[in-house]
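Given below, in the form of structure tokens, are the structures.
First chain A sits with chain B, and in the next complex the same chain sits with chain C.
Right after this comes the complex of A and B.
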């Protein structure tokens, strides 16, 4: 980064200016008639549609209902990824043998985009909750595992020596030394997982679901309701931002409590 | 119980062919309840000596025995006090001290009693619930010493324990350690590069050569301390004023200076 640091007020002012310019440019394009409304709705249409969908059902449910249905799958997938990824990462960080066994498989699998699992998700689970959960899991799992593993591997060697000198066994070493030492890394990983999981979710629902924001968007696309598609995109963006803000707060709180940041 | 014995110990770091020899034929015996300090130029391998007794590293050849048993891995019979304290930041003072006791599967009531004793011994009673980062360096090292003492170890291994402290705190801790040694004497192996500290604290001082480290000579301090009755002084500066103290200090300094000279420093 170059340039002098800006004050908070300046930063906010420039951010607002950017957003305004973006919306202004967008409005200009749509009102000039350069692009048909059906291809690109105007910001005003979008906002109206968004608020309309909050109360009136589309594709069988209102937008909040679709969101709730999406969020259930999402929470399921991310929690499953954390519940398996974090313990496995910690174990791999302590037991070299397990590391040697799992790492090659994992390194091969993690470069497959979550969306690539869609055909199998559809084949194995149909449109039930299993399919989307599996795809969200595929997106959220790698950061959980990698960050728990790195956190465990890069614990200050002195702390491990101190614990061994105190006669600490494997289980207690993992639960009381590696896990707490890895917490900052794990929390950072969870934030990435949550983001990737949320992104994968919509992809999953576009194909294998009978409700949810993604499903709503596909239905809207079928009847060329571009404004509704975009309202879905807006909802996804807003919820994603909200999740990230909450997790950032959680991370900052954890770091303060630990004495890592003042 | 509580003796340390180095027998023909060599230590080579890296592959045996291209490796660097850091310790060469170390022979040293530390008796029951004896306090031995090792001093030497930096990089001479004195900390490696301690780490091998702790079981963090293995000798390349030769053996190290503690209380008659050959050392093979770390264990609570050989408690270590590290220069950088190595307290668990997510555990309170009490929990840091408790970990070793829980590992011994002692009943809660006995652990409580032992922790209370250790806290009292190190004047930490009012900080039991604090986290390490809320304490000063000197306080943190008190916790580390309490954590080691509470295990009732055969030997206490101290690796430049006051090296990270400021000068005033250091003096307080040195006096504290002398007080501890009177209340609760232990077999201690103490690593330091501070000559005064070694003479003030130790029964014997082993001087090491530069790398590859060998034991150059071992000085008897205890007989001088007893003959000159240093224990009548409560303060370190009064002891350091004694001619007998100055004489020993100078002798060790000269010996170390030769090593540094040989290195061309």
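Right after this comes the complex of A and C.
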């Protein structure tokens, strides 16, 4: 906007300046004692604590162990959401009646924040693995459903007409025409689902779980260990970023294979 | 008149209520300890509406939550939109702020809750802080994208006419970016409710999330349902209100008027 895009060198220089200013300011206010340590640790303390937690346990497990137990629930919840949401979305895209029946229910539930399911999730499935999985499911389900539905709904009519003319039945129509055509939309939805599911997982673990990174952070908060809380945030952010990068790669690979991007 | 779709929709809602009645009150397949019957739900609603539950009446809890969401949301708008405008306007600002954003953005807003409690305690300030965090990121990103998507000729025309900088921002850039800004605000609003409910579930003295928390501890399914429906109604009402503001603000925009 303000002139042409910056050159790579300029971008890097300004980026380094911004990052340095941020870290420098943070270091300055913490090491000078302006902000007490138990309120905000210095960046160095945080990094040290993070690496310390990688090997020594806190709240019953090391950070990688907490992450592993979080990730199990997470994968379970997201896969469940995909396994139910995608087929249902495709069916809704094909059968008008199903669409008309499910949409009002779905619209009604949409405004309830996924995290508000926590009490029922705890009551129905306990706080071990079932409860958190249900909350992750509540967060990850809507994008799976909506994107499969949209993908199926906006298939080129000519494809459907051609298939119909050849006497294709409902099942083959969904599996061989709608599903392949909807794949780009479905994959985009999965990426949104993965992000929302990760977010819901953190919420679930803060409230009900007895293991996992969220639980570790609540324990640290209870014993006023700000550094450990922030190390947990760092771990959650890193894993979330990793999931997003992997799915982005997957999406790009899929688009290339189908010749959507030149 | 109600079309076919609306008719089936009404039928579905009636069917769900009938099924609910059938499963709980009539046959008892779903026990009251897991999901309340319609009459239990009604009794809980009357209880919290008239006598109160978890330290207050429903209206007081709901208004308190609403107040926090609106405050956090407004703070996020007031900081996020200017930052987004600035990042969109200046390539240098974008390059300098991006690395910090790259670090903060992947951290889910809910993960700020324990830190907010450590810093600000269990009161309103901590909640406003986490709502601010959750609503801030979508408003910055969408405002930024909105500015970057403005047609160049519009800017060049304004510049050629010698528009001063201040008027450039208020009369050209902000209006031209406003459709995307509002998209960001809708996302921000949703994030605000999710975060508030989570924060109130983790620790609060009043609010809808606190009602849910107490009902969970009391093993009181009917009150859980009352709390959830309240959350849904509040989320719906604020979304409708925002959509109304959007229609007013974007009345000039033909594309948004449908």
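Annotations for the structure displayed:
Please note the rule applied: the second predicted complex is superposed on the first by the 244 of 262 C-alpha atoms of A that agree within 3 Å, B and C clash if a C-alpha of one lies under 4 Å from a C-alpha of the other, contacts with A are read in each partner's own complex, and residues count from 1 in each chain.
Going forward, a residue touches a chain if its C-beta (ideal position, glycine included) is under 8 Å from a C-beta of that chain, and two chains touch if they have at least 3 such contacts.
No experiment lies behind these values; they were computed from the predicted model shown.
Looking at the shared chain after the overlay, A:206 reaches chain C, while chain B stays out of its contact range. When both complexes are overlaid on chain A, the residue A:114 reaches chain C alone and has no touch with chain B.
Of the two partner chains, neither chain B nor chain C is touched by A:247.
By the touch criterion defined above, A:190 reaches neither chain B nor chain C. By the touch criterion defined above, A:229 lies against chain C but remains apart from chain B after alignment on the C-alpha atoms of chain A.
After overlaying the two complexes on the shared chain, residue contacts for A:159 are found with chain B alone; chain C is out of touch. Chain A is touched at more residues by one of its partners, and among chain B and chain C that partner is C. Contacts of A:148 after superposition: neither chain B nor chain C is touched.
Of the two partner chains placed around the shared chain by superposition, chain B is the only one that A:180 touches, whereas chain C remains out of contact.
Note: no residue of chain A belongs to the chain B contact set and to the chain C contact set alike, using the contact criterion stated above.
On the chain A side of its complex with chain C, the touching residues are 1-3, 5-6, 10-11, 13-19, 21-22, 39, 97, 100-101, 103-105, 108-109, 111-120, 122-124, 198-199, 202-203, 206-207, 214, 217-218, 220-221, 224, 226, 229-230, 232-234, 236-238, 240-241, 244. Interface residues of chain C, counted against chain A in their complex, comprise 4-5, 8-9, 12-13, 16, 34-35, 88-92, 95-100, 103-104, 106-115, 117-119, 147-148, 150, 155, 190, 193-194, 197-198, 201-202, 209, 212-213, 215-216, 219, 221, 224, 227-229, 231-233, 235-236, 239. On the side of chain A, the complex with chain B involves touching residues 156, 158-159, 161-169, 172, 176-177, 180-181, 183, 258-259.
The part of chain B that touches chain A in the complex is made up of residues 54-56, 73-76, 78-80, 82, 84, 86-91, 99-100, 102-104, 131, 133-134, 147, 151.
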